[in-house]
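First chain A sits with chain B, and in the next complex the same chain sits with chain C.
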Partner chain A sequence: MSAIPVSAFLVLGTPALALALAFFLFHRRLARRTHWPILASCAVVTLAAADLALRAWRGEAWDQTLFTWIVGGPWSVEFGIRIDALCVSVLAMVAVVGTLIHVYAVGYMAHDPGFSRFFLYFHLFFFSMIGLLVSNNYLQLYLFWEGVGLASYLLIGFWYERASARAAALKAFLTNRIGDACFLAAVLLLLAQFGTVQFSELFERVASRPVSDPWLAWACGLLFLGAAAKSAQFPLHVWLPDAMEGPTPTSALMHAATMVTAGVFLMARSGPLLEKAPEVLGLIAWIGAGTALGSAIVAAMKKDLKRILAYSTVSHLGLMMMAIGVGHAFAAVAHLVMHGFFKALLFLCAGNVLHALGRSTATVDEVGGLARRMPLTAACFAVGALALAGIPPLSGFFSKDLVLEAVDGRGDRLLMGAALAVAVGSSLYIFRMFWLAFFGDRPRQGGPRAQLHENGAWMQIPVLLLALLSFGAGAAAWGVGLLPAELSGHTAGLGLSAAAAGLALSCLLFMAWPQWDWNWRERWPGLERWMDADFGWQTFAHRVVAAPAAAFARFVAWNWDRRVLDRFLESSAETCLGLSEGMSSLSRGMLNDYLWWMAAGAACLAGCVLWAF
Partner chain B sequence: MVWAVSAALLILGLAALVLRRQLLAMVLGLELMINAANLNFVFYGSRRLDAAATAIVLLVIAVAAAEAVVGLSLILALRGKGSAAESSELLGLQG
Partner chain C sequence: MGFLTLLWLIPALGALVAALAPSRNASRAWALLVSGAGLLYSAWLLLPYGRGAGALRLEEIGRGSWLGIRYRMGVDGLSLPLIWLSAFLIVVALLSSRRDFSKGYWASFLALEAGLFGVFSAQNLFYFYLFWEAALIPMFFIIGLWGSEGRVAAAFKFILYTFLGSLALLVGLIYLVVVHHGATGIWTWDIPELARSPIAGPASIWIFAAILIGFAVKIPVLPLHHWLPDAHTEAPAAGSILLAGAMLKMGVYGLLRVLIPVFPDLSAAALPWLGGLGAANVVYGALCAMAQKDLKRLVAYTSISHLGFCLVGLFSLTSEGIAGAALVMVNHGLSTGGLFLLVGMLYDRAHRRGVSDFGDLASGAPYFAFFFAFILLSSIGLPGLNGFVGEMMSLAGMARVHWPLAAAGLGGTVLAAAYALPAYHQVFWAPAGPGSVTAKVTDMEAGERALLWALSAVILFLGLYPRPLLELMRPAVTTLAGRL
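And now, the complex of A and B:
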């Protein structure tokens, strides 16, 4: 193992330095220029990540402890950097996609009064994700994991003057707290069981444990719950659709690069642990399948542009979890990377539309026929949609095929059927969105469209570059041998026919017969409400978890805080006030009083001296 | 007996200082206290033939004169501004 390269320190150090500089200097003095240090840091991180990727490709890997962070009794936790193939493949994607979205945000947020604040939050998000990726132990990973959670809370609630944004931010944060608590419990469990949380040491010690060790299964289950909250898997996926309240670059970053990928990365990182817990793996595969299928169906009926994409993310994360669950973390990470490219592209295209409309959200009913006014955005969206549907030779095809192969290899017909149904659904919902938003003025559409135009270069260039990546990244990775050279004709054919079926169905339902999208809603309003609430799960979670918790919080606020704590504090404050009033009469400014006290003090001193000698 | 006289002078001076509000009366009280000390010095200095005590008395008289000059001129200045020169007006030390 050679000495760790400078790039490894740069990827972690540069964003931290840029954040400090931006906060202490630019945010206060040059608020319109906060993006300068931050974009410079993005460029450095991208170059450093590219350097690391090239080195890792040559087979180099490092695991370096920098300093001892915590010492407690027999345990100690070090702070270190671990660079290996898994870390670098996600890191390279995060750096490239994150940088492009940063550039896009300069254009998107240009007229927002919170421009400077936005870039600070945004870069904190990016920095936390990088720190999470290069961590070499679970506790350090947890630290940055919380950083990601915090930054996502700040960004979702960025437009805090809107009550819905505040509620969405709180929902995201609290849902993630559940997962974070499970993650922390898992880390403590591992520390107690194995005496270390450092990946290399831990995985060595785990290797000697028998399969189905109950403690290990518990730890894996808890880790998965943590990952399920971050990566929006059932039952903790409820926060992600609401997270669309933030500015669109946030959604793009969150869905493609930084937030939701953390859970899948955690699962991939914990591979050696999961191997020893086959029950948990089966659970992960089935939860992933259920989430993927359910959210694909919901995505096909949602009206809000960004929510359709949000459910699409949940669905694809479900696919990744399926790949993890059948033991093919490689397929999951490959899909994670490709998904990062095309999902960022799709979100930025939606952002283009919203920015042109001058609004923060829009439904498919309010837009339509955009292809004529925004041809470039429409073309880029088409590339993203084809990649997401898995049409060769776009990037999504290669990674989705890997996932399908992995699931097929398990030999479970039902699971494979679910994966294929997700493939049909992906193609259906994304082309539904494409047809409805970019083609055909529909009879019931309203809203301003006359002044629609394409956006400036800050926003167009990142979109074009992402379109290029979505188009060619899969083929390039396959060409240079990063992805397995052998494509299975069986699964490729199945995947392709699933995508084609979805495409055909979307043409039939939303191009040839566009009224269908309203008609079924009018005929079965109850069905729409039920599906709109994730098959009733949102309502259920609200009634069973959120509402009782809120009621309990109100109870405590009144009976403990107001009645006990406040009363005690108020009475102690009153006592203090009375005492100080009494004391203040001693110093009302009368010379005679002071002289009296002086004489009394002198007499006391004299008395003491006389008594002592 | 002399110690009793000087103690009485000290206490009377202190009483004037603490109880009277007129600044002039307070300065007079101060002079009484200084002279109580001087009386002791003179008496015990002459009894023990200690020249240093007599020297201290001269120093104290000089200091008392200076103090009277400063104090009285402050009082005069206050009176010149139309003040009654009473301690109840001078509350600048209020905490």
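And now, the complex of A and C:
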């Protein structure tokens, strides 16, 4: 193992330095210029990540400890950097996509009074994600994991004067905190069992354990719950749709590069542990399948543009988890990277529309026929939609095919059926959105009556570059041999037919019969509500977890702690007082009383004596 | 005169001078001078320990003893951080106090400092108890004379509870010495002597229970926590800082220094019960905090929750758990002290403490918003800031011996977010309501900012590099854990 390259320190050190500079220097004095150090840092990180990617491609890998963080009796936890193929493949995507979204945000946020604050949060998000990727042990990963969670919380609640933004931020943080507690439980368990959480040492020690070791199964299950919260898998996916409350660049970053990919990365990183826990793997595959299918259906009925994309993310993350569950982390990571490109593109296209409309959210009722006014955005969105649907030769095709192959290899027909149904669903919902938003101008749509126009260069260039990546990244990776050269005709055919079926269905439902999307809602409003709440899960989680927890806290604090316990303890003083007053009233110096008491006492005594004999 | 006698004697004499000073201003200046000197002195005491020599440093006066009572002081890696913490918080508390307090106020804080220093450095139980009681009295006056509306009731509640606790402690200690004399024929109040030959038999259970109750009231452990919310809420801000930051630690320190070394077997037998009480403290305190409507009460209940982590760590009886508990003591002192400091600053400006009395402070008072968020995050255990390390180590220790209790403690970390963030949202983010006092809150002045920058720097440093502190504690922790 050669000496660790400077680039590894740059990817971590530059954002930290830029953040410090922006916070201490620019934020107070040059608030409109806060993006300067931050964009510079993005550029450095991208170059350094490219350097690392090239080196890793040549087969180099590093794992180096920097300093000891915590020493606790039998174990110690270090700060370190681990650069390997898994790390750089995600890192390269995160760096490129993250940088492009940073550039986009300069245009998008230009007129917001919180411009400077936004860039601080945004870059903290980016920095935490990079730290997470290059960590060499679970606890350090956890540190950055929480950093990602914190930054997402701050960004979701960015427009904090809105009650909905505050509620969404709180929901995101609390749901993630539940996942984080599970993650930390897994870390504690691993520490207790193996005495280390450093990846290389831990995986060595795990290798000698038997398959289905109960401790390992627990650790893997808990790690998955942590990943499920971050990567929005059932039952902890509830926060992600609400996370749309933040500015659109946040959604793009969160759904493509940072946040949600962290969970899949964690699972991929934990491969050697998961190998030893086949039961947990099966569970992951099925939870992934259920989440992917359910959210694809919900995405096909949502009206809010960003929410459609949000459920689409949940669905694709479900696909990645399926790949993890069938033991093909490679397919999951490949899809993660490709998904990063096209999902960022789709969100930024939605952002273009919203920015032109001058609002932070919009439903399909409020748009329609955008293609005429914003042809470039429509074209880019089409590229993203085709990539998402998995049409060759766009990027999504290659990675989705890998996932399908992986699932097919498992030989479970039901699971494969679910994966194909998801493929149909993805194609359906994304083209539904495309038709409804960019074509038509249906009678029910208010339509953009105002003069819409394309946005400035800060926003156009990143979108175009992302469109290029979404178009060609898959083919390029395949061409240079990063993806396996052999494409299975069987799964490719199945995947393609599924995508085509979804496309045809969307044409039929939303182009040939444009009233359909409005008519069914009027006919079955209950069904719409039920599906709108994720098949009732959102309502259930609120009624069964959140509301009772708050009510219980109020009960403990007021009814118990204050009213019962406090009153009981304070009454003890009065009881003492009352007792002593009662006693003292006995001794008022009345001889008659004393005599009566003496007689009564003597009688009692006599009674006892008689009874005893 | 020895270096440890000087440690408590300087503030004790300083208190006398402050009380007799010609004017309030002179008294304040003198108190700041003496507490500053105390901070420097305690930092100087810490220095040699940075290089790995963490063993006990003793100071004795006189060879003989009467019934085992002799003046014997000593500091090691477990007591020095607490001494430094007390000195630091006293300086913070005095700097943040309004200038127009009377001479008694300044003198009380110095007297309190002397008591705290004494408790954290006594090696003989007789002197330990003396300092323990001596620390209560100034706090009683601080709450009762300079607190807010309900101060008198709160002060009496405080003194009654802690006095009854002290009584149990005193009975336990005397009984311990007597039984120890009966078993070994030696009269001694020295902690190491008592630990060397642990007593056994049915009496030991009663002694254990009595001493435990004495310390538990102070920590406080459920269900003896009742004095705490009132005392914290009614005390002046500086008093709350000291009460939560340093005085609660006297109880945990007592467990660490007296109870566990003297009764290793009983402690081990009581592990699930006392660890369980700790986990209950964590959850109960957090649940109560979730429902509070008064900022100070909220922070007070979080103390109950955090001190639960100390118990969880301590009664795991593992070296990482004990080190974690010792670290939680310091971290809690910094973050909760910081929170009381901030709430006190808000109260000084607006004369209100209700969560819903404020709103939208983030726009008008960005420094408040930043520091409050920063310290709140440290308090709820965000990794990278100080609070996390201690909690994680305590839980790691417990996970090794009794994982359901560790899981319960982890549940507390979720609840922590549930109490901290909604309150923050209301005070700093939500639009100000009709009766809000937001307009009265001016942002921090340069001096206040400097104080908080210093605190934040320590918080960040201990979060990313707690190693010096852990190395300092290591010899003492290893000795203690090795005996169990």
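Rule of thumb we're sticking to: the second predicted complex is superposed on the first by the 551 of 613 C-alpha atoms of A that agree within 3 Å, B and C clash if a C-alpha of one lies under 4 Å from a C-alpha of the other, contacts with A are read in each partner's own complex, and residues count from 1 in each chain.
We take it that a residue touches a chain if its C-beta (ideal position, glycine included) is under 8 Å from a C-beta of that chain, and two chains touch if they have at least 3 such contacts.
Since the structure is predicted, the reported quantities are computational estimates derived from the model, not experimental observations.
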(message) Looking at A:Leu170, would you say it contacts chain B, chain C, both, or neither? Reply first, second, both or neither.
(response) second
(request) Considering only the touch criterion stated at the top, classify A:Ala599 as touching first (chain B), second (chain C), both, or neither. (result) first
(request) Using the superposition on chain A described above, determine whether A:Leu591 touches chain B (first), chain C (second), both, or neither. (result) first
(request) Answer with first, second, both or neither: which of chain B and chain C does A:Asn519 touch in the superposed model? (result) neither
(request) Check the residue A:Pro74 against both partner chains and state whether it touches chain B (first), chain C (second), both, or neither. (result) second
(request) Give one of first, second, both or neither to describe whether A:Ser571 is in contact with chain B, with chain C, with both, or with none. (result) neither
(request) Using the superposition described at the top, determine whether chain B or chain C touches more residues of chain A. (result) C
(message) Could you list, by residue number, the parts of chain A that touch chain B in their complex?
(response) 584, 586-592, 594-596, 599
(request) In the complex, go through chain B and note every residue touching chain A. (result) 14, 17-21, 26, 87-88, 90-95
(message) So in the complex, the part of chain C that touches chain A is made up of which residues?
(response) 223, 226, 284, 287-292, 301, 318-320, 323-324, 360, 362, 377, 382-384, 389, 392-393, 395-397, 399-400, 403, 406-407, 410-411, 413-415, 417-418, 421-422, 425, 428-431, 464-467, 470-471, 474, 477, 481
(message) Under the stated contact criterion, what part of chain A meets chain C in this complex?
(response) 67-75, 139, 142-143, 146-147, 150, 157, 160-161, 163, 166, 169-170, 173-174, 177-178, 180-181, 184-185, 188-189, 191-192, 549-550, 552-554, 556-558, 561, 565-566, 569
